[in-house]
Structure formats: structure tokens, C-alpha cells
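Presented sequentially are two complexes of subunit A, the first with subunit B as partner and the second with subunit C.
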Partner chain A sequence: MMANPNLQGTSVAAQPGSGEIRLVNVTKQFGNSYAVKDINLTIPHGSYCCLLGPSGCGKTTILRMIAGHETPTSGEIYIGDQMVVGKPPVERGTAMMFQSYALFPHLTIQDNVAFYLKMRGVGKEERRQRALEMLQRVQLDHLKDRMPAQLSGGQQQRVALARSLITNPKVLLLDEPLSALDEFLRLKMRGELKSLQNELGITFVHVTHTQPEAIALADMVVVMDTGRIDQADTANIIFDKPKTPYVARFMGGQNVLTGTVEKSGNGVLKLKAADGSIYETAHAASSAAAGSPLSVAVRRDRVSLKKGRGNGVNAVNSIAGIVDATEYQGSYVKVTINVASDVFVANVSDSAYFAEPVDTGDPVVANWKAEDVHVLSKVDSGVAADHGH
Partner chain B sequence: MSPSNAASKSPLTTYLQVAPLMLVLLLFFAVPVALVVVVSFFRYQMLVGIVPDFTFRNYIDLFSNPTTWTLYLSTVKFTLITLAITFVLGFWIAYFLVFHVRSLLIAIGLFLVCTVPFWTSNIIRMISWRPVLGTEGLINSALIKAGVIDQPLQWLLYSDFSVVVAYVHLFTLFMIVPIFNSMARIDKSLLEAAVDAGATRWGVVWNVVLPLCKTGIALGALFVVTLVMGDFFVVTVMSGGLSGSATSGIFNDLQFLNYPRAAANAVILLIVVLLIAAAIFRLVDVRKELVR
Partner chain C sequence: MSASPSYGSRPWTFYVLAALFTLFVIFLYGPMIAVLILSFQGPSASLVFPLRDPSLMWFHELFSPRRTGDVAGAFNRSLPLALIVMFLTVLISVTAGFAFRRRFRGSTAIFYMAIASLIVPGLVLSIGILVTFRYLGLTASWWGSALGAHLSWALPFGLLIMFAVLGRLNPSYEEAAHDLGASRWQTVKDVVVPIVFPGMIAVALFGFTLSYDEFPRSWLTVGTKNTLPLEIWTMTTNVTSPALYALGTVTTIVSFAVIALALSSILIIQRKRSRGK
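Up next is the complex of A and B:
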């Protein structure tokens, strides 16, 4: 092998320019339908951002527009301080990892990784050498002469990663990178992606429809709903303090309750639900006019259960119902309760559950504390979809 | 069929399953070819006809006759020109259909348009070129009326040009279909991945599309080569009898009832075509690509 002094400095960590991504009023129309409508989003340099939403919500379209494989109908996209709409991917400093990995089936994995260098006119010896170094980073150098079809899914993904990283990107775009892997590999690769991002310090934008994946990886989670961004925040805020009923439901850890404001002031909001239940908050940031409808959320794991029908009177912050199903999850038990017109879910810790087990058909009363009630900024439209986990 | 199932069967069953096709191939392919080879060593005697013999006379006759060489050279020339033109046309038409036409329905419609030349008989197709390319034809009268030329272009019809035009007209589809087939199997995200890695439009075609279409190109080339090499009708009609092909030689010998020499010529042609096919398969491992 040739010892080329120019290669000593080859490192993916050296980043020219900032990888901050800014989307300004971005809209993408396909025919008459909007894939993405009037989106504004800033992803800070060096952050791990997850675009999260159900299929068809426009998250992949956003990723492809950042990558330059799709052109926005209107609006502007900035990477660093460069307006990139209309520019090819290489000039943007982005690299994309495709869902299917999109490895060139006719090239060895070394040539796959070297493809970018070949396009840049780098000589054969040098590009092979640099590709080999990149393959060493992903621990696949011993397979350099294999064809992609001869590799396992996990190995193919590493090759795809190496092929993206050799372009020295400011931004790495990942389109559902873990969806084709089995559960074990998925968790392993998830950890590796996170540590890789820490090590490189570049911006990662990761599209997924799996909530635990987003929460585990992201510094910033962007929850999307049919072409709009519902909330963009840290994973903790998204999970603990969702803004809207949609986010609360989609993230799965919450029960959404709706009522009419009875009393408001001093951080205390008193709601009356349609069935007469009273919900109270301890420290609501906002106040609301009496008589207006309002939705609140209660985390499933902040609910405690008691067997029985209650005392007939509606106690504050409690709801009575019949157990519909119990699901053992190891550290907790998911108890689904049929209440008046909706479904209420309590995640009871295993010790609490086995101290007083409940079974399907048992009447129970669920209680929670006022400080665990979180006020949502939108009134629930009543879509009782359970995306729960 | 599961492997265990196959293993449990005796070899006899397998042979029985293959037998019908083997029989058809033997009767209608192997036996006739063997007969041709045998007859090519027979002797031809004026007024008597075919005399069983073992002589290289026919082969020596053919190889020492400059006409044979001229005919083969002309056939190879037509083959190469047709191959080049049909490849360029076929590749880009397939490329357009696969990567630029977004609606599948329109792509299928356009694909059907490509088959229009085959909606009528070969003779009518050939004759229809006359009003287009002839001295008083469409092109010549248009060019004269437009003042581009004073005299009609004589080389449009009954020339090598018109032969090639007819070949391209007839055989481009045989190039389009296999190339279309292998192109349609290319994952579109491969093209985007190439663009992502900085490839230009040409870079994508050269580094990704072309290598992944090798099978289709090889099969298309095989079709075109065998069709052009085996043709004598188009070349006779379109050249007005001025050009010939290797097959024309065979046809002439048959008309004089000189079956042994026709057979010898057929064997030579067969060997030439097989050599070309072998060369094509050497360049592209079609079998390996097909199972990929």
C-alpha cells in the first residue's frame, strides 16, 4: 500500500462551515395536495434532530428538500448562511442515507464508498485508500471486495453510512435508517448513530415514525401532522409537556382529557368534563376564560389505580371505569380502562400492580395529582386514536 | 418446490419432467442442424443433384470465392451500423420511458407506440418506405420545394442508407425491450444516491445506469446481430438488389438447388453468429446478471 503523506490529515471531523438548517415558509405541493405547508424550522448546528410523524405527514419530503432531491414549491432553505434551494447536494454540504441504503449493486463496497471521490476526479489509488480508511471506521475493511448483495442488512447500512461520511458533510440526512433492521440490530445501530453524531459534531436529521427511537436519539424532536409541524422541542418537553392533543396522543405516554373552564386564576384551573368529572391543575402557566373549552393531559405513569366503583360522587382528578385489558411490560403494567366515552390508560409500576392486581372487567378508579395535570394549548378535536406503547 | 421435496424424487422423475422440451428441441432444432452439417459435406452434381459424400469441396468453394467475402463483409458492416444506431436509440428511448415518464399508463402507451412497426406485414413495411425515400418521394419533393436541393437525392432509396433505415426501423424495438426491462429494475434511489455523491447527469448515466443495463444491452445486441445477420429480404428489397447479405448467398444456392453449398454457407454463418454471441456473453455474464 502506498504511503501518501496527503492522507494523514484525512478526517471526517474537520467541518467547514456551520450545519445549521433553517427552513423559511417552505411549502411543497404535489399536484393539488400539500405535502408540506408553510413550514418554519431551525435546526441548530451540531444537533441530532428527529422528524417524527405518521407516514404521509411530510417528514420525508422535508428531508428530501434539505437534501436537494426535491425542490420546494415556495419558501427558502438555508444551510449555514447559504440559501441552498436549486443547488446540488454536494454544494449544500449534505449527505443522505437512503432508507433502502441505495448501494450500487454493481460495485464492490470499497468502490461504493469511493464513488464520491471518483466523481470528484480523485485518482484510483488515493480514492481506494481513503475508502478503505472509511471502511475501517465502520469496521468493514475486511469485506472491502464484497458486493453489496453479499452483506447483511446491518453491514449494508454501515457501508451506506461510510459512503455518506466520505463526502465530509456538514449535515447528515437519514431517511428511516433503522426501519429495515431487526429489533436487536436496531437498538445497537441506534446507539452507534448517537455516538457517531457526538463524535463528529455535525448536524444529523433523522426521519422516523417510531417514538422511542426519536426520544432516545434526538436533541430536538419535530413532531409532524399532515404537512404541519405540531411541536419542535427537546425530547423531554415533547414527551412530558406536549403542546397539543395530537402530540400528546402521538407520543403515547399521555391521557387527554377535555372539559369546560369553571374557575381560573393563581395558576389553578378548574375544569368540568361533560360527564361531570372535575379536573384541577396545580400550576398552569396560562389562564383561560371561564366557560371556554380546554384540554389537559395526564401522563400514564402518574396515575394510580384503586379497585372499586368510587363513592358515587365525582372526586377531583379521578376517573372511574372498567378495566378493558392489562398488558405486562416488565417494569410496569399497562392497564387500559374503558371510561364514559373514551379510553384511559394507566401505566402502573409492577410493584404497585402486583400489590393490588386488577383484571379485565374489574371496576377501578384512577387518581392523579393536580401538579401532574398539564394544560394543552389546543382543544382536543375528539380523535380518540391510541398510538400507545 | 422445497429442497427436501426435490431431493426425495428419483432422478428418473427429473428426466421425465425435462423430456418433452428435450424432445421438441431434438426434433426441431438439433436434428435439422445436424442434417445441415451433414449435407454441407455432400457433393453437388449438375443434373444429378445431391450425392452423398464427405468432401470439403463446398467450403473450399466458398472461401475461395471473393463474393462470399464481399457478402460477409457487407453483412458485418450493416450489423455494426445497425447495432450502433439501435443501441443509441434504444438506450435513450428506454431511459426516457423509465426515468422521465412519471405516469405508468403513459409509459405503457408510449411503449405500445414503439411496437407500431409490427402491426403490419414486413412486405408492406418495406414498400411503404418507397413513397417516403423515393426520387419522387416525400423527403425529396419536400427538400426540392424548400429549395434546399435542385436534384432529387439518389442515395435515399436503393442504397446502403435505405437498408440501414429499414433495419433501424425494424429492430430498434428489440433493443428497447431488454434495455427497458433491465432499466425498470434499477432502484430510483440509486440515481439520487449518485447525485448525492456529486455525480452529474452524465456521471449518473455512465456510472450507474449504463453498468446496470449491461444485461439488457447484451440481450438487445444479440437480438439485433442475429436478426441482421440472418436477413436477406430487407437488404434485397431496400437496396433494390444492389447489396446482398451472407444469407443472400445461401438463397441463391438454394435457387440453383445446390443444397450442399447452401448448407456449407449456413454452417459458416452459424459459426460466425455463435462467435459473436460468445463474444457478447464474454463481455457480460448474462446468466449471473439475470439471477441477481
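Up next is the complex of A and C:
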């Protein structure tokens, strides 16, 4: 997207130092309710970090506190080695791209991009020239005299990017940047954001409620639940080895099963569910006391299906039920199965599915291997909404 | 044979409503047009149709105080008064609008108190102001007591408009400006005011016309010298010439000129925004 990654050349005030962000015991209260509570998080310099969670989980509040548009009730925020609480955005070295882009409707896009320079007292000729250079980098220089209302969503987003980047930030903060775009543009801009971050090498913090977006973009995914961070890890670990039932369910792609520990040791955990089913793991990292409740997760795409009612005996690592729905997804088929008190989802590869198709109402038995059972650190407290894809 | 398919022909209700609307427009503008035409009445000085020997004589008559009273003087009071009311209404409404954006203690009470002055009958308010001024030993004048009375009428309208305009103003514009290093004053000057400027013109328009036309609140508050609506009222009781119509025409033209000026400046701003420079 950008021909010349050397944005440092247009620096107004040199902002040396790292774009590492550290949040230490950060709490934000609105009245009596906590938007975020006692958050600790370190986002490494130069990483692409996605804050992921449902609406109201506090992810935007965190972004706005880093940006300086919200002041934490308590705690400390560091950018590089500078404690930034109470400082204006420009002194923090952050720039924020707003969800609606917030392009000034009364200014041409060139004057929008030049706004930061105008505020710093840069002369008209010089700031227009530099804004034009920045517009060339986002390939919109030919539209410099247009008003924001005349641009498409994707173009508006590029102007917003240019307007943010002219401040030469160490950290770029993006509040749901892709939510206003249609599906096609969303995927295109997603790719452009990622390559832009690669070129600039600065820290990107991106708020989203869309799991595939976070997984596709982020070096670091921070999954949030009402005011808390549930897990902060690489996208791969978040998806493959979620820590909690909440993360497993929110990311989709996992089935969460709960039972009581029967046997534990030598890396093997044996679990008995309420309905008598037995689940076994092959290599559990931790052991658990016999008799304590425990939840495990099984990836949907590691499950195989067989038509039929089972043999009445509870086989290990299997669950029987009735097919509730099938959804063709191209490379796989999502089969939703009603089991005793819950739903169980199997993502069956298209070849396996069409070799032995199942339909709504068919009895099926799902099976998986002990190696594919992943132990969660918390006991499932209830069935959350299915965010699966 | 089944009913023929309809390709969007108009239902009969369209014609009923169109007729109703035509009547409404005639009722609205007919009298104004009649006054306009009769203000060109000839020396016959007839106050009714037909129009004979059209001339401009009654417009000349209008500005000779000898016969028709002090029209020029009244205009020279009404115009500055309307401009002062306009200026103060914009200033107070905009700043109050900003204050009300961040809800403060008692803001609701203040809002309802401001709106309540719309309900108080103007004549009663006029009497109240006069009595209060007498009690305080102050002299009623168009630039004092009448100004206050007019503001009590124009301000609630201005406030309501500014609330609507600022309510629609996305706070992220201000945050974006802050993010880009603008000070509070720069944010107001370079972002907020330009964005809400069309709304400010609307407030100015209300401030001007409400004051320029105001009768009941002026009645006892202008002191010894009349404003234009009071002068016209006086004339209707003692002038029996088409000069009255000429006066109506002139004042209407001033009102229309102000409205046209305001609307065209809003249009120009909007066109500039949607088309680029």
C-alpha cells in the first residue's frame, strides 16, 4: 500500500523510543460499575495486537485510555519508558483512528491530513505539501480536493490512516477500523493494515469483536470478558489452546466438556461426565485431584462422525446425539448435534462428509482422540452464547 | 376481465390533498400579496381593490413623519434591536449548548426554566417587566427592557436549535482534534464552530426575525419610542391611507431579505462541503 515506508523523514518532533505499551493494575470505573478492573498487560514494541471481546467487555475503554481520551481511575500506563497518564495524545506518541473515522466534514481531505501540522503552526504551503506526500503514500493524492462525504468507505479509511500517520506515531490505535466496510473491502483493508504495520514497524493496537479478524491480523490476541483479560497470547495459542471455557467458546472452533476427575497422573486425566461419558486426555500438563470438577475442550475439526446410535456402552471420548443442523462451508461442513443437555459441533471435512452424509434428525456418534483433548484452567460455569463460525 | 394493473397512477387522495394544500398556500400568501399590490395604489387613496393609477407615492409618504408617524425612527430602533438580539442569541445559545453537552448539576432545571418562558403570555411578561423596572426606578427603553423581553422569547428557540445541532455532533470530531494536537480553543475554532455553523445561522435567523416582528413583549417595554410593529399598530388606528400597505411591503421585504441571506449562506456552505472547493 505504501510505496515508501520511510515515514520518519517527515517527523516534526523526533519521538525516539519504543512503542511498548504497559498497563499496570489499570482500573476504570464509571459510576459504580467497572469498565475494566485491575488490568495488567504488556504489548511488545512493534507488534500487532488485537483486543478482542464482545461489546461492553472494556476493550474500547482500554484503547481510549492508551490514547489519552479516557483517564484511568487507578493504575499506570507506560508507553516506552514514559508514564503517560494525564498526558495529551501528542505527547504520548499515539495516534488514534476512530471507528467512524471522524474526518472533519468541512475540510478537504488534504486539509484533513494537514490538520495536525496546522495545529503545530506549520505554514500553509509546507503543510499542504507534506499532506500531499502522505496522500500519495495512501494513493489518494488525485482526490486531495474532495470533501470526506464524497469518498467511499475504503477511501475514507485511508484518509484517516494518512491523517493519523502524519503525526509520526510510535503507536497506532485502531477502534473497530473495519466494521464500517462491506465484506469485500474489509478483507482488502485487513491485508493493507497488516502490510502497513509490517512496513512501519510501529505498534498497532486494534479493537475488534470479530474473531477471524483478530486471528488473521494479530501477533498478540487479547481476549476480554466483562472488564477482565481472560487470555493474552499468540493467535495460534488462543485458537488451539484456550485457557478458559470462555475463550474456547468465544473463539469458536471448540467444544467444551465438563466432568469429574476419576484418575490423574502420568499425563493422563480421566474424566467422568454427568451422563456417564468418559473423557480421557493423552498429555495433560497438570494433574488434578480425583473428585474435583474439570473442563476440557475438543476442537470441532478434530471430531469424526459416525451414523448410528452407538452401542449403548459409553465409549471413551465419544458422544452420541441427534443432528440438529448442517451448514456447508466449502472446505468443511459444520454439523450441529443435540446431545444430552448441550450442543456439540463437529466440523467435518467436505470429503469425509460427502462420503457418509448425515442430515437433520439422524442419530450420530462423535469420536475424537485423547491427544486432541485440551484441559482448561477453569471449570465451565454455564453455556455461553455460541459465537462459532 | 380482472382489474387492470396499476403503474403508479395517482390515487384520488392525491388530488384532495393537493387542493387542500393550494387553499392553504392561498390563505398564507394571499393577504400578503393583496397588501403588496395595494401598496402601489394611486392618488385615489382607496384602501380596497381595484388598483387605480399605480404609483410609488405611498412609499414616499411613508418616510415623511408629517403624516404617518415616525416610521423611519421606528425602523432605526427595530433594526439595531433585532441585530443585537440576533448576536446575543447566537452567543448565548452556542455557549449554553456547549455547557449542556456535559450534563451539570441543575442543567435540567435550567433548561425547563428557559423553555417555560415560551409559555408565559407575552403581554403578561411585558407588564411584569414594566412593573419591575418601575419598582427598581429604571426607565424602560428599547435597548434595555425591550432587549431583555425579546431575549426571553428568542433565547429558548436558539437553545432548542443548538441542542439539536450539538446533539447530532459526533464527539469523536473533538476527540480526533485533540488526538491531532489541537488545544481546546483550536478545537472550538477550527472544528466545532465550522461544523455547526449552519445551525448558528439558523439561530441567528430566529433571533433576528423573532425580535423584528415582536409585538406583545415590546408593548410596555420599549419606553416612549415605538419599535416597528408597535408603530404599525398605532398607524392602523389613525392612518387611513395606503401608506399602511407600503409599510407592510417594506417590512416584509426586510424580513425576506434576512431569511434569503441566511438560507443562501447555509446552501453555499453545504454545497462547498459536498462538492469540494
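Operating definition for what follows: the second predicted complex is superposed on the first by the 374 of 389 C-alpha atoms of A that agree within 3 Å, B and C clash if a C-alpha of one lies under 4 Å from a C-alpha of the other, contacts with A are read in each partner's own complex, and residues count from 1 in each chain.
As a working rule, a residue touches a chain if its C-beta (ideal position, glycine included) is under 8 Å from a C-beta of that chain, and two chains touch if they have at least 3 such contacts.
The structure displayed is predicted, hence computed values, not measured ones.
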**Request:** Could you check whether subunit B and subunit C clash or fit when both are placed on subunit A?
**Result:** clash
**Asked** Is A:His69 contacted by the first partner subunit B, the second partner subunit C, both or neither?
**Response** both
**Request:** In the overlay, answer first, second, both or neither for which of subunit B and subunit C A:Lys118 touches.
**Result:** both
**Message:** Let me test your reading of the model: by the given contact rule, A:Thr108 touches which partner, first (subunit B), second (subunit C), both or neither?
**Reply:** second
**Message:** Touch test for A:Asp145: subunit B only (first), subunit C only (second), both, or neither?
**Reply:** second
**Request:** Return first, second, both or neither, reflecting whether A:Lys307 touches subunit B, subunit C, both chains, or no partner chain.
**Result:** neither
**Message:** Per the contact definition in the header, classify A:Lys188: touching subunit B only (first), subunit C only (second), both, or neither.
**Reply:** neither
**Touching both subunit C and subunit B, counted on subunit A across the two superposed complexes** = 67-69, 88-90, 94-96, 98-100, 102, 104-106, 115-116, 118-120, 149, 163-164, 167
**Request:** Would you pull the subunit C residues touching subunit A in the complex into a rising list?
**Result:** 170, 172-173, 175-183, 186, 190-191, 194-195, 197, 272-277
**Fill in**
Per the touch rule above, subunit A residues touching subunit B in the complex are 67-69, 88-90, 94-96, 98-100, 102-106, 115-116, 118-120, 149, 163-164, 167
**Complete:** Touching subunit C in the complex, subunit A uses residues 67-69, 88-90, 94-96, 98-100, 102, 104-106, 108, 115-116, 118-120, 145-147, 149-150, 163-164, 167
**Message:** For a test of understanding, state which residues of subunit B touch subunit A in their complex under the given definition.
**Reply:** 187, 189-190, 192-200, 203, 207-208, 211-212, 292
